[in-house]
Amino acid sequence: MSVPYLINSDKGYVPASQRIPSVVKHLVSDRAKKALDLVERFVEEECIPADAVFTQQIREAGDAHSSNIVGRFESHPSVIEDLKKRAQELGLWNMFLPKNHFKEEGAGFSNLEYGLMAEYLGRSITASEAVNCAAPDTGNMEVFAKYGTQEQKAQWLKPLMDGKIRSAFLMTEPQVSSSDATNIEMRMHKEGNEWVLNGQKWWSSGAGDKRCKIYIVMAKSDPNNSSKYKQQSVILVPADTPGVTVHRMLGVMGYDDAPHGHGHIYFNNVRVPDSNMILGAGRGFEVVQGRLGPGRIHHAMRSIGSAEKAMDWYLARLNDPARTPFGKQLAEHAIQLERVARSRVEIDSARLAVLNAANTIDEGDAKSALKEIAEVKVEVPGVLMNVLDRAMQAYGGAGVSQDTPLAQMWASGRTMRIVDGPDEVHMIQLGRNESKRGGALLKRIEAQKEKTRELMKQYGLKNEDPLAINRVSGKSKL
Amino acid sequence: MSVPYLINSDKGYVPASQRIPSVVKHLVSDRAKKALDLVERFVEEECIPADAVFTQQIREAGDAHSSNIVGRFESHPSVIEDLKKRAQELGLWNMFLPKNHFKEEGAGFSNLEYGLMAEYLGRSITASEAVNCAAPDTGNMEVFAKYGTQEQKAQWLKPLMDGKIRSAFLMTEPQVSSSDATNIEMRMHKEGNEWVLNGQKWWSSGAGDKRCKIYIVMAKSDPNNSSKYKQQSVILVPADTPGVTVHRMLGVMGYDDAPHGHGHIYFNNVRVPDSNMILGAGRGFEVVQGRLGPGRIHHAMRSIGSAEKAMDWYLARLNDPARTPFGKQLAEHAIQLERVARSRVEIDSARLAVLNAANTIDEGDAKSALKEIAEVKVEVPGVLMNVLDRAMQAYGGAGVSQDTPLAQMWASGRTMRIVDGPDEVHMIQLGRNESKRGGALLKRIEAQKEKTRELMKQYGLKNEDPLAINRVSGKSKL
Amino acid sequence: MSVPYLINSDKGYVPASQRIPSVVKHLVSDRAKKALDLVERFVEEECIPADAVFTQQIREAGDAHSSNIVGRFESHPSVIEDLKKRAQELGLWNMFLPKNHFKEEGAGFSNLEYGLMAEYLGRSITASEAVNCAAPDTGNMEVFAKYGTQEQKAQWLKPLMDGKIRSAFLMTEPQVSSSDATNIEMRMHKEGNEWVLNGQKWWSSGAGDKRCKIYIVMAKSDPNNSSKYKQQSVILVPADTPGVTVHRMLGVMGYDDAPHGHGHIYFNNVRVPDSNMILGAGRGFEVVQGRLGPGRIHHAMRSIGSAEKAMDWYLARLNDPARTPFGKQLAEHAIQLERVARSRVEIDSARLAVLNAANTIDEGDAKSALKEIAEVKVEVPGVLMNVLDRAMQAYGGAGVSQDTPLAQMWASGRTMRIVDGPDEVHMIQLGRNESKRGGALLKRIEAQKEKTRELMKQYGLKNEDPLAINRVSGKSKL
Amino acid sequence: MSVPYLINSDKGYVPASQRIPSVVKHLVSDRAKKALDLVERFVEEECIPADAVFTQQIREAGDAHSSNIVGRFESHPSVIEDLKKRAQELGLWNMFLPKNHFKEEGAGFSNLEYGLMAEYLGRSITASEAVNCAAPDTGNMEVFAKYGTQEQKAQWLKPLMDGKIRSAFLMTEPQVSSSDATNIEMRMHKEGNEWVLNGQKWWSSGAGDKRCKIYIVMAKSDPNNSSKYKQQSVILVPADTPGVTVHRMLGVMGYDDAPHGHGHIYFNNVRVPDSNMILGAGRGFEVVQGRLGPGRIHHAMRSIGSAEKAMDWYLARLNDPARTPFGKQLAEHAIQLERVARSRVEIDSARLAVLNAANTIDEGDAKSALKEIAEVKVEVPGVLMNVLDRAMQAYGGAGVSQDTPLAQMWASGRTMRIVDGPDEVHMIQLGRNESKRGGALLKRIEAQKEKTRELMKQYGLKNEDPLAINRVSGKSKL
């Protein structure tokens, strides 16, 4: 970068590649380390300053009435296109697509390497899109790369990888507990060569953006199949297909996340050709499960990045010389230092857990990393909430207002405990799997006790309970 | 091992070396992996069954009056010597002494490799001593290896490494806040070629054991030194030096931890030659700090092992077919599954943090790993307490009684939040160090805001606050 | 009420007066019980249904461009005036002004009695204003009633009590740590018979509303006074005084709380006559402290009401027959039931604490209830956050969106941990006061130990430590 | 008391009767207030100093072998009889037996009044027995008073009320999940006029004491009864009945609680006459449930007292002038002050909840107070654990050792989360009952929404969602 105005001027600055946790370092190639440092500088020097510009462009988009809600979703801030150009110049593009997994050419990094980069992307609201690594496109591109036909790839994967269009994944429905995906009710039935879809979806993230051209939709194609896991299919629905209505956007704690947004969408006799089917009718669960692994790593590492950003703001506040409640700077208040320490401990442990999960995928696949992925799915959002809450509290009123990024990060972070299944679902699953070892452990403990009894005899011990009193009918024998 | 009665009979059993976390695997040599599996089997098949024998031998030691308190500390259970012989046959001895750090020959493992083994040692009350890796001897041996003269090494390090004697480190005092070591008051003054010590120490762990022959003692040799950190020295005091009285042992939640124990010791004109000084007068803090790093890793990994053992017992209980409150097995109670999951998440993250700290030491030294060590010092005991509490609760009355190892593990684990400095001291230190970045971060955030203002102009935006209303004297201008 | 469409149709409904906690019942007059039931029905049947109307009227106020931010603060929803009329018909007006404390005629209830009512007001966003018991007017009216001159009362208290105008209290400033009010910097200096104010204030809640006619402002009138607590004065500034600019409104997690809002206000040579002074120059702290007690009870009881409303929504969700994740209704998921129970425990305890604090004020004054007030100031918002978080989680995506009141309640509730001083300030103060007993307790414990020593002798006991071993120079004496 | 050596010498001392929470005061008679102050002084001045004497008498009881475990349970410390005499002189005896509930004459106090006293009893290990208000005798006396025949009362209730004998309640069994009492397996079958009991019981608290003469035993008399709640009976078994063996005592975290203790008891063809039946065969659940209410209040208030005692020790430590880590007294460390404050908030709220539950019983009966009792059953032990943990941590090593009462209080307090049913059982029950309101609340919320829709029309509003965008097939309509 030509004008290293920001980071280089900070004399104590240590580049990201030199702050990789010790155990992970040797798993990161030199090329990835270079890219990592570039990502950090791009985010800190270009994306973060552009975040507020992005927000303001949405507000002012086009005309005097810009703050009306439709305008907010019709707009496309020019700053994001400028950042995309800049990212491509820097060679930062599609880093998410893991090497050795797809024929398609991503940037050739491992999940662990991209994970390290995703942490920095998570510090800015524009960065992920700027380098074409934004959800839900990343997961959707993986679906196309993994399961798409040549035609599907040409029509949708190509422009997605080029950053020309965006996409959405439509699964959750308002009227049922979608946390259990077998509850999903949207119907699709076949008429001739076409599938006809009816129903509604919500939390269709990204569907607010006018550039969102393609929906990947899960719906019930075979409701009477004896296996609950074969009733669903996943099919492609172009956003402008007749019968599709984006009814409204969903707010997140008062934020509309425009223009991306979270759509509530109606399907009224929406017809798409059979060739739009992904993988085959009845294989919806297969597609959904294949999609989830790396995406959860991305979410988790971006959340780690959010937590680190919250720490930055927190520490900056503590060291603001203008803040001296009760005669000393906030950085001298032990309650704050304890919270800083706790935050540091939580973040550092959680980061290691995510990187370990990423590496487990790299060494096998998402399936072999089920446990590790579930662990970070529940751990990381909790850590992020904790750190944000502490930072907000240190900022007082500023912490809940528009004057810091903390409040919006909190709102967004809060959804992480719900998105892709609420905590509870993952906890129960994780607990149930862990619990399966219990039977064998019970046997092992019994075997150890048996061995103890043998040893007791061997050593001539009475093997009695240390608190034995053996009082028979009121009289003690011992 | 000739009769693999236990683990091998468990068909689903996966050896320790195959359960090393993904990111850490490549840092572990094949030799270490073999040793690790051997440690696991030795602990599970031989040490754990021997634990109750050890306890019972203490109770019955020698005569009918064995349960009196002195007898408990005079005894030396024969089972521990048998385990030591067995360990030496297996080649499991002194694994703690890290390679490349000392001339003395340990087992040649890295801190990370030994850390993995220490986890298994932490599952048994006899295992650490059985393989000559028990605290505080390990730290004391490091002190000798690092700072000892040839004579000191010959006299004390040799028999310690051979498992012939034991040792104690005497630092904490009852009458002051020893969490701040500059408060330590025991005096030593020079008379001729001798140092004379007066004062008292407590929590002198290991001093109960009759085989404990040598005390490494911190005392104030130069109370008027202008630097608080140069007033203290560390000196060797043989346990049988006249003037030394082990006044009493300290209980831990009702346990006396005999014969090891935690001593409260009086020093009354105790004289030792100047040649007993470690490193030199006034260098006590240097010695103490040099001693602490790896020992905290050992403690932490043993605590991880305790937490895993608690999980084993927890899971065994959940799957005990005889337990069916309210019509279903405990393993079907979602509240328990959620707690199991939370425990799994906490343990796995914490383990990675400890291994990362160990590797940071391996790559540099304890000083370069200050932050990582402090993090696990506060994180791990908290995790252990959580897991134990959940397991205890699932066991009901059995959980707090002598019928499970949980209650004693809780008592012992609770001290980990105090030993080597209470949580609070480490938290404040960690927080303070972290907070130092605040000034630079404040500047960075300001620079980013400045850049935003430039961009706003460049993009022709009004850069106003989204909630600006500019109402002047009751009338809105906008 | 003529059409008891709501509560009466619910056969299991038990009126509020019959759900007063047992220990409190006898402290509530029959008149207050009647009013309480009336409040409950007014809130449930009229205010809650009107809440969304209020919100929508703000959005549509006046013209097509209504969603612009200025419009939102210029509007005055007609529904609120209709509710006010209705409340007055029902005799529900100014219930907050405690009997026996002021000459002015409130509704004649005690703080405890009004506290019970405030719980129900806290369930609706329109209810408090509808019955003229909305903050910050309540506290401001108390200031006028307590400290105002006849002229001040006539000009401001009268229309406030009639619900004709609204008011704001301006204290907090953005550039300093206002949690320590001695840091407040706004200057006021005297020129002739006038005071001239310069500086800025923020979090001036209520200042967004065009009907907000009067500001009560704290500023530094005597910056060199040797007592930090005598440097500040409190003075009246009509909102339309030249030099006053409401620069912008502050958001709370994405909500603007229009038309009430939280103002950021500039004062540029704002001139008011000396007769606007409250109580006298230099007595600002006195005014501020006199104002705070009952207001904190109101906040706390409204928060209890919010928590109960969150419970209502939570329980409704759990029993929604359409929600059956994993084959059973949410109400059958034990994790949810445990959280419900915890919420119930937390709310019920906290309510008792607030009512006890209210009664302590009633029996003495706010000063005599300092401890009790501080306790609920920190306890209640924490409870509210917990309950809301659990309810949000049970609702999944709906919980963070506009489809439930939970998200906005969370945002609003979160400020309660900051408003009127952040938790930390109250905790430290509470802790410090509590700690003052420590010296006497140390003496008492020493005296008890001394008495024990006497008794030991008297009973012929050796009074030794249970773990004494007295091992002298390696040999045990016992 | 003749020599008010302790409390009266503390000038700042405020008697217990003047520290009754504000809302509760008027529910306490003058006579109860006097008794309360007497209890406080008796506990502080006589019982607490005697606690260590009691402990030491057990250790030294009778002969040189006193520390053997049987001796510990055979002994009866004379100090307790002296305290009992003293208590009777003071008129402090059987205060637990609530007025108006039984023909038997207790001290004539309400549950609330005795609850206040129980708080002070909870500060000492000897006090409850000294005033004949110790568990489990209190609950057992209630059983006799409520359900006993004249003969049963004469034989057992009389000497219990006179403090001549002690008793135990035998319910829990080691081999099943007794948290669900329907699982209890001990059998009793009738032979002629006798019942024959076979099986085992544990956690039979009090059964260690040689003075424990009577067991109240629950066993299965009708295992095939179609109602699970009619299979059990409660019957009297004198401790010296042939076939009864007190096999061993159960430890609590390393403490044996001698001589009281917690027994593990075998029943081998134990024969008792039919006249020993309580209430009638098959009515065991009725007896058990009738027994539990007030006992839970007693436990809870004693736990509040323990928490207050922990606070006393905590505050004493903070103000120990000898403790100055890092240059200032502990009382100046903000982390400690925050914890003190949190403890104060938790204790004060919990106390109010217990007193409210007690008063709910007083106004009705234990059945009408089910919710309130369950709430404090789960809340109070949690508070006690929190406060003890904080105090222990402030004491460092002393906190877990025999040098403070904290460690033993922790051990004992921990059982409170298990005794009389583990937390989880009460939580689920509480949650389930609360959840029953959900259906009606769902309807109410729907009715409110319907009313909103009417109002929207009435006010001419479009009632649309604030984030509606209505984009049809890619084009926005709005």
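Letters A, B, C and D mark the chains as written, and numbering starts fresh at 1 in each.
As a convention for this text, a residue touches a chain if its C-beta (ideal position, glycine included) is under 8 Å from a C-beta of that chain, and two chains touch if they have at least 3 such contacts.
Only a predicted model underlies this, so the values are computations on that prediction, with no experimental measurement involved.
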item: Of A-C and C-D, pair with higher C-beta contact tally; value: C-D
item: Centroid-based (C-alpha) most distant chain relative to chain A; value: D
item: Geometric centre distance via CA averages, chain D-chain A, whole Å; value: 46
item: Distance between the centres, which are taken as Cα means, of chain C and chain A, whole angstrom; value: 36
item: Shared interface positions of chain B, touching two or more other chains; value: 69, 250-251, 333-335, 338, 402, 424, 428, 465-467
item: Touch list for chain B against partner chain A, complex; value: 5-7, 9-13, 21-24, 26-27, 44-45, 48-53, 55-57, 59-60, 78-79, 112, 311-313, 315-320, 331, 334, 336-342, 344-345, 348-350, 352-353, 355-356, 359-360, 363, 371-372, 375, 378-379, 402, 424, 426-432, 434-435, 437-445, 447-449, 451-452, 454-456, 459, 461-463, 465-467
item: Parts of chain C lying in touch with chain B, wherever the complex brings them together; value: 68-70, 73-74, 208, 210, 239-251, 256, 333-335, 338, 465-474, 476, 478
item: Chain A - residues contacting chain C, complex; value: 64-65, 67-69, 172, 174-180, 183, 202-203, 250-255, 262, 322-326, 330, 333, 335, 392-393, 396-403, 407-408, 410-411, 414-415, 417-418, 422-425, 428
